Each structure stands twice: as C-alpha cells, then as structure tokens.
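Let me begin by handing over the structure; questions about it come next.
Each chain carries a letter (A, B and C) given by its place in the written order, and its residues are counted from 1.
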C-alpha cells in the first residue's frame, strides 16, 4: 500500500468515525424526542404529578429545577468570580498558588456522588438544613465553583495586557481596574461559560438525591412569602428537580403512564439544555460583536 | 485644601484596593475550606469502618465476598473496585479512538463542517443529564446486548457503552484544543517535504500531541469512574466479580447508590459504604496526579 | 512511566497513612458534632409542632422521612390532611427505610417510615426509644417473565431457586430455560421480608444475579428478560409480569388478610417517644377509616384494620 492509498484509507476512517458520532447523537436525540415530545403539552408542564392516576404533570419539578438553578447561581457567581479574580490578579506565583490551583482541579473532578454524600453529612445533618433546596444549592455550588473559577480565570486572561496597564497608569486602583475595565471585557467568555455550567446544574441528579430530596410538598403558587412552608419561594423546603423526578418515576413510578411521563420529562430536560447552549452561543456572539464594533 | 483632597483620594484608593483584596481572598479561603472539609468529612467517615468497626483494610481491598447482612458479615469490596476499573477503562478504550478521530476531523480534515455540525453535537452530548443516559441505556442498549450475546444484557459491557458516550465530549474537547494548539510550522514543514496528510498526522501531529491526548483520556476515565446513576441502571449490581462482560456486576458508585438509603448511618455497613466513597475520592487524587504528570510532559 | 507509577503509589500510600493517623483522633470529634447537631435540628423541624393548645386549630409542621415503598401513601394522605388543617404542613421524604430510621432516631425527622421493624436495623437501645405505628400491610409475590409456564412454586422450590441449587426452569416443571434471578440488594427491606416469610432463610447473593433496589426497575427487567424471576409488592403487579402462587395459594389481598398467604409485612411509621400533637393527629388520621378504606386500598396496600392475624417482631402469628 503506498502513501496515497494509506492517506485515503485513513481519511475515510476518520470521517467514518466522525459520522458515527453524529449518528449516535442523532439517534439519541431522536429516540428521546420522538418518544417524549408527543407527551409535552401546556398541561403537562404546569400540572402537579399524580401518584397513581394518569395525567400527572411536572409543573412543580420544572419550577424547582429553575429555582434551584437560580439559588445555586446566586451563591456560585459571586464566590466563583471572587476566587477567579484572586487567582488571576492577586495571587503571587508560588507554592501556595500552585497548591490552590491543584485544589481547584481536584474539586472539579470529584464524582458528584461523593459531593452528594458530603452534602448529606454536612448540609443536611450537621448544619440541619434537612433535605431542602438550600442544601441542594450548596452541594451544587461545591462542584460548580471550580468550573466558575476556571471560567473567570480564562476570561481575565483574555483581557489585553495593554488595556489593564493603561488603566493602572491613569491612577485607578487595581480593584477599580478589575471591576470597570477588565470584567466588562472578560464578560462574553464568563457569561457563556456560566450559562453552560448552568446547564450542568439543570441535569444533575446524583448529588441532589441525597441533598434536595425526592419529594415535592404541596406548593401554593399564590403564596409568595419566602418564609411560609408552602410557598414556592421557601428555600428550606424539600424539592424534587426534574432530573430526580425522572429517576424516581423510572424506578418507583406507580402511575400507568409513568414511561410516557419519564419520556416527556427527559425531552423537556434536553430541550432546556439545548436552549441553554443556544443562549450561551447567542449571548457570546452578541457581546463579542458589541465589543469589537465599538473598538 | 488640595492636599486634603489628595489625601482623601489616596484613602479611597487604598480602601478600594482593600475591599477587592479582602473580598477575593475570602472567596478563595472559602473554596479551600470547602475542599478541606469535604476531604476531612469523607475521610473520617470512611476510616471509621476500619477504626470503629474493626474491619481490616485487607478485607475491604482484597476480599471478594460482600455479605454485609451475613453472619459473620463480609465486607470485601474487591468486586466493586474491579467493576469500577473495568467499566471505566473499557469506556475509555471505546471512546478514545472515536474522540481522537472526531478531533482530527474537526481540526485537520474538514474544519468548516466539523465546527458547524460536529462540535455543537458533541457539546450537546455533554449537556444531556446522566439520568437520561441511564434511561436510554436500559431501554436500548440492554435489550440489544441481551439479544445478541448470551446473558441478561446488563453488565460491564452495557455500563461501558453508556459511559463511553457520556465521556466523549470531555475527551473530544481536550483533543481538539491540543490539536489546534499545535504550531502550524510543524505540519507545514512535513507537507513541504512531500508527506501526505495521513503521514503528517501519524508521524508528526499525533506523536507531538500525545500527552495532551492522553490527558483527555484520563479525564474521561475519571468521569466514568465517578458516574453513578447511569451506571447503576444498566450494570445489574451483583456484588461479584463477573465471569463475562455480559454478566451482572457492580461498581463502587452503584454499590453506594444502591444501599446508602437502606442502611442506618453509623452502622458498620453504612460506614463501609463511606469507605467506598473514600476510595472514589482517593482515585480522584490519583487521576488528577496522572493528569498533572501528563501536562508536565506536554509542556516540555 | 514506571517512575510515575511508583510516584502514584507512594502518594496514595502516604495520604492513606497520614489520614489513618488523623482518623483515630478525629473519629470521636466527628461523633460529637453529630450528636450535638441533632438537637438543633429538632428545634428546626419539630418545635413548631406542639405550639398551639388543643382547643384551637392544629398548626405546625412535621417531617416524615423514609421508605420509598410507603412514601406514595403517606404523601397522598398528608395532602388530604393538610386540606383539612390548612395551618399544618407535612413534608414527606423518601430516602429509604435506613434513612428514615436514622433521622427519626437522631431527631431530624418527626416520623420515620420503614418497611421493617426498627429492631432489625438499629441497635437495641436506639430502637427502644422509638414508638411503632403500623399503618398498613404490604403483600409481596414472586413474579416471573410471562413466557415462563410455571404457575405455582412451593417454598422449597423458591428456596432452591434463590440459593442457586436449581438453575433451570425444567427442574421445577417449566420449560428448558435458564433461571435469571432479579433480586434486591441485601440491605433492602423488601428482600428482608421476602427472605423471612417466603423463604424462611437468608440467602446469599449469587454470581450473575441482577440486583435492583427499585420496584419499577425490577418490574421492567422481569417483564423483559427471558426466564426471569423476582418479587414485587402487590401494588406493582400487572399483566406484564406473571404472578406465581405460593404453595398453591394465590397472592391476593383476602388471602393476606385471613392469614393463608404468609408473605407480607407491616409498613411502620416510627416516632421518637410519644408523638407531638400534630404528628399524633396525623398518625390517627392515617389509621382512620377515611385513609384506610380509600387511599390504602387505592394504592395497593392492605388496610391494617382488615388484618385478621397479627404478627410480632419474631414472626409469631396470632389470630
């Protein structure tokens, strides 16, 4: 076999494998969407689940997923931004910085189940938050934080050195430079990264099984006082998210239409993640355009 | 007058500087405290099976019998350890060629089509929740294996297949980055000497990027090692070392999810489950360590 | 490569040793914090309970945690209870019998739901503090894949199948097909019940047997896998799986109630000491006719009030 044929064969093989991935992808999406999309309706998205009767929905679960996402992000974003800025701007190169970087790396590769167990032990039992949205949000923060730190660092690194130095030379403090000059420039990268991380929160189940719990108490959607136990906004109530609901329905569902509900909920979950991806791309492109145009 | 304004400005300047420093340092301290408490709590719980319940380390790491309810109880976790390693290694073996080919396709062969279709597709794969993977695995892959191979379909093979799809995105994105970061001079030199694309890829591109490619493989394996729900749904969960790839087996994660809720906190069986979590955590350290070594090589 | 491998090994070893030495000291401290915090947790969830005096409307919140088999029933009953007592909030959590017993015994939860007697999971001292409320009975039946032609198995045959002595259906009067066991994990309450009352002996996990903790997955696997045998609560039975007779007795609610079909267990709701006012009212509601004759039956459990036989912890049956 001469070099030319080898080249052609190799190219064909590579294209073949790339095609296989696309096929797997298409098959997977097709399978989930085809089975699930017929079940999605306004009623399905808003009504509460039924234990044994047909026609249960995923309203509370969908709300819980979104609310948990918001809670997690409220905790994660300032912490992650702060830690990321420290790492990229304040940390002096040396053993301690290296060590912290190692820690972030380790934290980001912890299995979610270990984080969930830690949450069960510390947030649920020791701190006494019980199975609640708040415990769930804390556990999710633990493994979203390193991601956020890395994203911030990347964003800060993308700021041109000249711009930073110009600002410092004008006599602005370092913190002001970071806040008003560097952060806006780093925004597109940070924002896209954050939205992608949010998508991950949306689909997480293993860590939430042990922290946010598997049940959804009755919610009174007319009561918006965050302190009342039946209010949807109360962060200390147990909450089942969409991903956990799929897990539960698959394993213990008694309703006759459980498989359809699981399929429908999976489709909803995937569509949401898809939306997150598109949103991230769109915002990234928008901001990029804005910044490059004004320059 | 002018001096006092100057002073105020300097004071404000210092204040600003101080706020920034304190805020960001607090964040980083919190991060460090979190990880230390995580390691501390999981380690204390994990070691209590050795210390409080007097189970020997040798029994857990070397024992093949898992009979926590037996008389006397046996806590051999070797089947789980073997299960975890074989599923994650097999998943990496399936996913590695696929992901490297995908990366080559995107960077070297058809960058336009690759970036437009393949990359979003792979990013989407990363976003699909693990529960959905498990569900699809149980509905599609398990019946498929049951029909064409002897056995019940559940087992290491099914687990590895599901995991390999789940870790594709991790591996592909790292491989893509590595290939794209290669200085173009190297490749151009090879082409200038008359080498074909495949020769260039096989002799220049892949060997130079190998450590980075391996990093992707190891990170993918680490993710496969720690994945819980999807694996538990398709692996069968028998606490034995399986005789074939299509026989019901267990992993560390599936053993934990299966029994954690059924056992009482503080009982020996529960403590052993925490020991399994500790093993998972230690393996994370090992994976990170390997990645570090590889990165050092890649940078050299 | 070899060098880095050795490095890895030493790293792991040194970490393990370092943590080992520390673990000795920290263990006690860990226990201490656990014990300390349970009190504060009680304040969080339980204290709201007995706030009001008896004449006024009930108000407060209680937390019931535990068995996923019992969860649907408690969940549904609690919704009805809350409609009647709008100021009461009841949270129902799954998590498994072990979690339920841990939390009620530790004080984080007001009610611990369990499939098994507390004595079987907790140590004697902890179990003694708990008060048992038996709210329903759940019957269990052996099920097989619909293609298996066997209709009834004796206790002996079941024991032989689940201990691996019989591995082919033809040995118990079926087709020439391999038996595929779909079991539960050894920590499962359902398995404990099945072993205790159907097999009368503990069994070991056989190589190649599938283990699933959830009834839904067991149901799916038994219905799809050729030659499969498993066991399910009566509420999960349908025509996708074939229900076996046990010693010739059909697994029906009447047969469980009159004591001819022995494979059943109580569903327990434990409280630590006597329940507080709200929890007591709720537990009374659980055993009232309103729940027992409606929700209990609807969800496939057997009302505790209908049982003509009683059974204690050791399995002694009294009429």
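Quick notes
We adopt the following convention: a residue touches a chain if its C-beta (ideal position, glycine included) is under 8 Å from a C-beta of that chain, and two chains touch if they have at least 3 such contacts.
Protein names from UniProt, one per chain: A = Phosphate transport system permease protein PstA; B = Phosphate transport system permease protein; C = Phosphate-binding protein.
No experiment lies behind these values; they were computed from the predicted model shown.
Within the contact network of the assembly, the step distance from chain A to chain B comes to 1. Farthest chain from chain B (centres taken as the mean of C-alpha atoms): C. Annotation: 17 Å between the Cα-based centres of chain A and chain B. Centre-to-centre spacing of chain A and chain C amounts to 33 Å, using the average Cα coordinate of each chain. Residue positions 125, 250 of chain A each touch two or more of the other chains. Annotation for chain B: residues touching 2 or more other chains are 41, 45, 138, 233, 260, 265, 285. Shared interface positions of chain C, defined as residues touching 2 or more other chains, are 68, 94-95, 106, 213, 217. In the complex of the two chains, the chain C residues touching chain B come out as 4, 7-8, 11-12, 15-16, 19-20, 22-24, 26-27, 30, 68, 94-99, 101-102, 105-106, 121-122, 180, 185-189, 202, 204-213, 217, 220-221, 224-225, 228. Taken together, the chain A residues at the contact with chain C in this complex read 51-52, 124-128, 130-131, 213-215, 217-218, 229-230, 237-238, 248-254, 258. Those residues of chain A whose C-beta lies close enough to touch chain B in the complex are 3-4, 6-7, 9-11, 13-18, 20-22, 24-26, 28-29, 31-32, 78-83, 85-87, 89-91, 100, 102-107, 109-115, 117-118, 121-122, 125, 142, 145-146, 149, 173-176, 178-179, 196, 199-200, 202-206, 209-210, 243-244, 246-247, 250, 262, 266, 269-270, 273-274, 276-277.
Across the interface of their complex, chain C is touched by residues 40-41, 43-45, 47-48, 50-52, 66-71, 138, 143, 146, 151-154, 233, 236-243, 247-248, 250, 258-267, 269-270, 282, 285-286, 289-290, 293 of chain B. Looking at the complex, you find that chain C touches chain A at residues 33-34, 37-38, 40-41, 44-45, 61, 63, 65, 68, 71-72, 75-76, 79, 82, 89-95, 106, 108, 213-217, 235-236, 298-300.
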